[in-house]
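See below for the structure under consideration.
By written order: A, B, C, D, E and F. Residues from 1 in each chain.
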Amino acid sequence: MYELTVRDHVMIAHSLPDAFFGPAARLHGATFVVEVTWSRPELDSHGVVIDIGAAATRLSEVLSDLNYRNLDEHPAFVGRFSTTEVVAGHICDRLIATMDLAGFTAVMVTLREHPDAWATCRVEL
Amino acid sequence: MYELTVRDHVMIAHSLPDAFFGPAARLHGATFVVEVTWSRPELDSHGVVIDIGAAATRLSEVLSDLNYRNLDEHPAFVGRFSTTEVVAGHICDRLIATMDLAGFTAVMVTLREHPDAWATCRVEL
Amino acid sequence: MYELTVRDHVMIAHSLPDAFFGPAARLHGATFVVEVTWSRPELDSHGVVIDIGAAATRLSEVLSDLNYRNLDEHPAFVGRFSTTEVVAGHICDRLIATMDLAGFTAVMVTLREHPDAWATCRVEL
Amino acid sequence: MYELTVRDHVMIAHSLPDAFFGPAARLHGATFVVEVTWSRPELDSHGVVIDIGAAATRLSEVLSDLNYRNLDEHPAFVGRFSTTEVVAGHICDRLIATMDLAGFTAVMVTLREHPDAWATCRVEL
Amino acid sequence: MYELTVRDHVMIAHSLPDAFFGPAARLHGATFVVEVTWSRPELDSHGVVIDIGAAATRLSEVLSDLNYRNLDEHPAFVGRFSTTEVVAGHICDRLIATMDLAGFTAVMVTLREHPDAWATCRVEL
Amino acid sequence: MYELTVRDHVMIAHSLPDAFFGPAARLHGATFVVEVTWSRPELDSHGVVIDIGAAATRLSEVLSDLNYRNLDEHPAFVGRFSTTEVVAGHICDRLIATMDLAGFTAVMVTLREHPDAWATCRVEL
């Protein structure tokens, strides 16, 4: 089994308006370092999982809709908390909705919110 | 599938008194950078795998019993070598013994002992 | 010459409302990983530049006033842009204003805003 | 389940002579940071997955055949592109061919080619 | 004093054809992770050392002339070894030759060639 | 001005037997990630500050006297606390005592004891 991962980042504002989240209920922000991994059982005819340049472009396009935004006003997060896990899931969903993933077996998105915490969403295809 | 990871560290002394371990048979020490990952098939009602603050507190409590200790004198390692793998397994065991893990499917503990070596214990629940 | 550095982080929202900053003019946010370095020509009687625990506590206290905040509403940044450099300078100022720095020759604060950009403020004492 | 990972690196030249790879079709090079992970269901009698020193030596031996080489002239890559994925697969193959892996359930090799891209080959044993 | 650093990378082939360099005399390659730091005594009217976006663009332009190249054939390195230090110095020179550095007091370029070695060129202006 | 840095690590046990150090007064240990930097105004005839291989060998030799040791029993630390700063200073001293540093202007040693704390000793030559 082979995997290819590319990394990028976004800088967003958001709040998590519920006492459950303690001080994170207030409007604050995060640099999310985003890693996306594609999995395939075998390499394609060029010897790759996915072209690194194409993968980076794909990720950048999905992130451009989030970057320098206040997620409290983003339609994707209406009615739910934009936790690290939820944003990871959203990026996963967007990648799956906009790519031809024939031949791939999984997509995985990891968001690192600070050096000591990160979340992952993994979808088997 | 979703995962949440928090990171912390401990600074311990120990020896691995067997010729198998070469110079590590002598009393020496390590900074173990510890990462714990919890896995769930779906997020909970707050949109999280586990609250990051609660996860960090839980890890810190388990590590406080090891931190600034000589593991050669720690009851958890009587009769066995406190290798990186064994310490990872011990932390995994303590987390499982002291948390309500209903709804989780796996717990994973990684210990990084220096920039070029690390060990993981993963328990499916 | 000796130096001691401790690291922590804050998660903040802010905007940089000027066309100069491009999309960063919008309300967004950042995880600032913060490193503070203290310099001395010689070590003190305990063989340290500054006690690591005391240094970490001092940094945490200064950061608590910024963490999970919208810097657009913070009094320290009224009338100026809360750029990475300005926030680094503010943290430097607060450390200098609240510590007895007799015997130290410099304080330096580095803020990493994402993996590919960081800023430093260094004050010679 | 337990895993042990060791890390090393190689510095190689190569080209990927196909328009698919854009500018990487030209002769260029890479520092590949290489991580190898061995998996076992249980630890051995010394409390390890594999001795870290032995693992590091094994990896270093496999890498010595690639280090400071032009992969375009290396027999392992005749007739195929030496992409990051293919080199990861080659290292995996060499480890499997030259080690006694009785008791292990998987070997995984990750090659990091720059801070924002890496590839993995994982073989279940 | 304030500093701003941006980071990027290049992937190059080269050889260091002298017995002094041991196996690095052969044609091989490197991923150079490149960090450039600009220093100023005070911030400008926007509260920055230099705009991060402008800095990143400037660095990318200088690196584009090296990226995916065999430095043995690059005119900048005729008659000298393209060591990590020399490449750092070349990037420093190019930045100084192509930027208006009025108000800046230093430019510094660090090249990381693998996790355990890096070189810096610093020019006081 | 040019600098060259190499990195290595040691794993040691020690105690800091004074109430000043809190729980670190107990026997514990650390992985010290060690970075040594050499500075020169100009490069030598091979275009280097110091050969990376020679630098790494030199550092490894100095560290071999500390690695897998209990610093409480090491003659270099009799009558003083083996704090991170003191160990950095000791490594600096040993490098200066055992190398021909003609042409160099400074040697700097940084010890990282965990991800959030490190110390540096810098000696101008």
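In this section, a contact is a pair of C-beta atoms (placed from the backbone, for glycine too) under 8 Å apart; a residue touches a chain by one contact, two chains touch by 3 or more.
Bear in mind the structure is a predicted one, so any value in this text is a computation, not a measurement.
K.L.:
Once the contact rule is applied, which chains count as partners of both chain C and chain D?
P.N.:
Common neighbours, chain C/chain D: A, E.
K.L.:
Does A-C or E-F have more contacting C-beta pairs?
P.N.:
A-C
K.L.:
Upon optimal superposition of chain C on chain F over Cα atoms, what rotation angle is obtained, reported to the nearest 5 degrees?
P.N.:
To bring chain C onto chain F, one rotates by 120 degrees.
K.L.:
Where the centre means the average of the CA atoms, what chain is farthest from chain F?
P.N.:
Taking each chain's C-alpha mean as its centre, the farthest from chain F is A.
K.L.:
With over half of the numbers shared counting as same, classify the chain B/chain D interface as same or different.
P.N.:
Since fewer than half of the residue numbers are used by both chains, the interface counts as different.
K.L.:
What is the distance in Å between the mean C-alpha positions of chain A and chain B?
P.N.:
One centre to the other, that is 27 Å.
K.L.:
Please compute the C-alpha centroid of chain A, do the same for chain F, then give the distance between them in whole Å.
P.N.:
40
K.L.:
How many angstrom lie between the centres of chain A and chain E, each centre taken as the mean Cα position?
P.N.:
Using C-alpha averages as centres, the distance is 31 Å.
K.L.:
Mark out which residues of chain F touch at least two other chains, giving numbers and ranges.
P.N.:
If we look for residues of chain F contacting two or more partner chains, we find 7, 115-116.
K.L.:
Enumerate the contact residues on chain E facing chain F in the complex.
P.N.:
Per the touch definition, chain E meets chain F at residues 18, 20-22, 80-86, 88-89, 115-124.
K.L.:
Any idea which chain B residues touch chain A in the complex?
P.N.:
Spelled out, the residues of chain B in touch with chain A are 1-8, 43, 46-49, 51-53, 55-56.
K.L.:
Under the touch definition given earlier, write down the residues of chain D that touch chain E in their complex.
P.N.:
Per the touch definition, chain D meets chain E at residues 7, 9, 11-14, 23-24, 26-31, 33, 67-70, 113-115.
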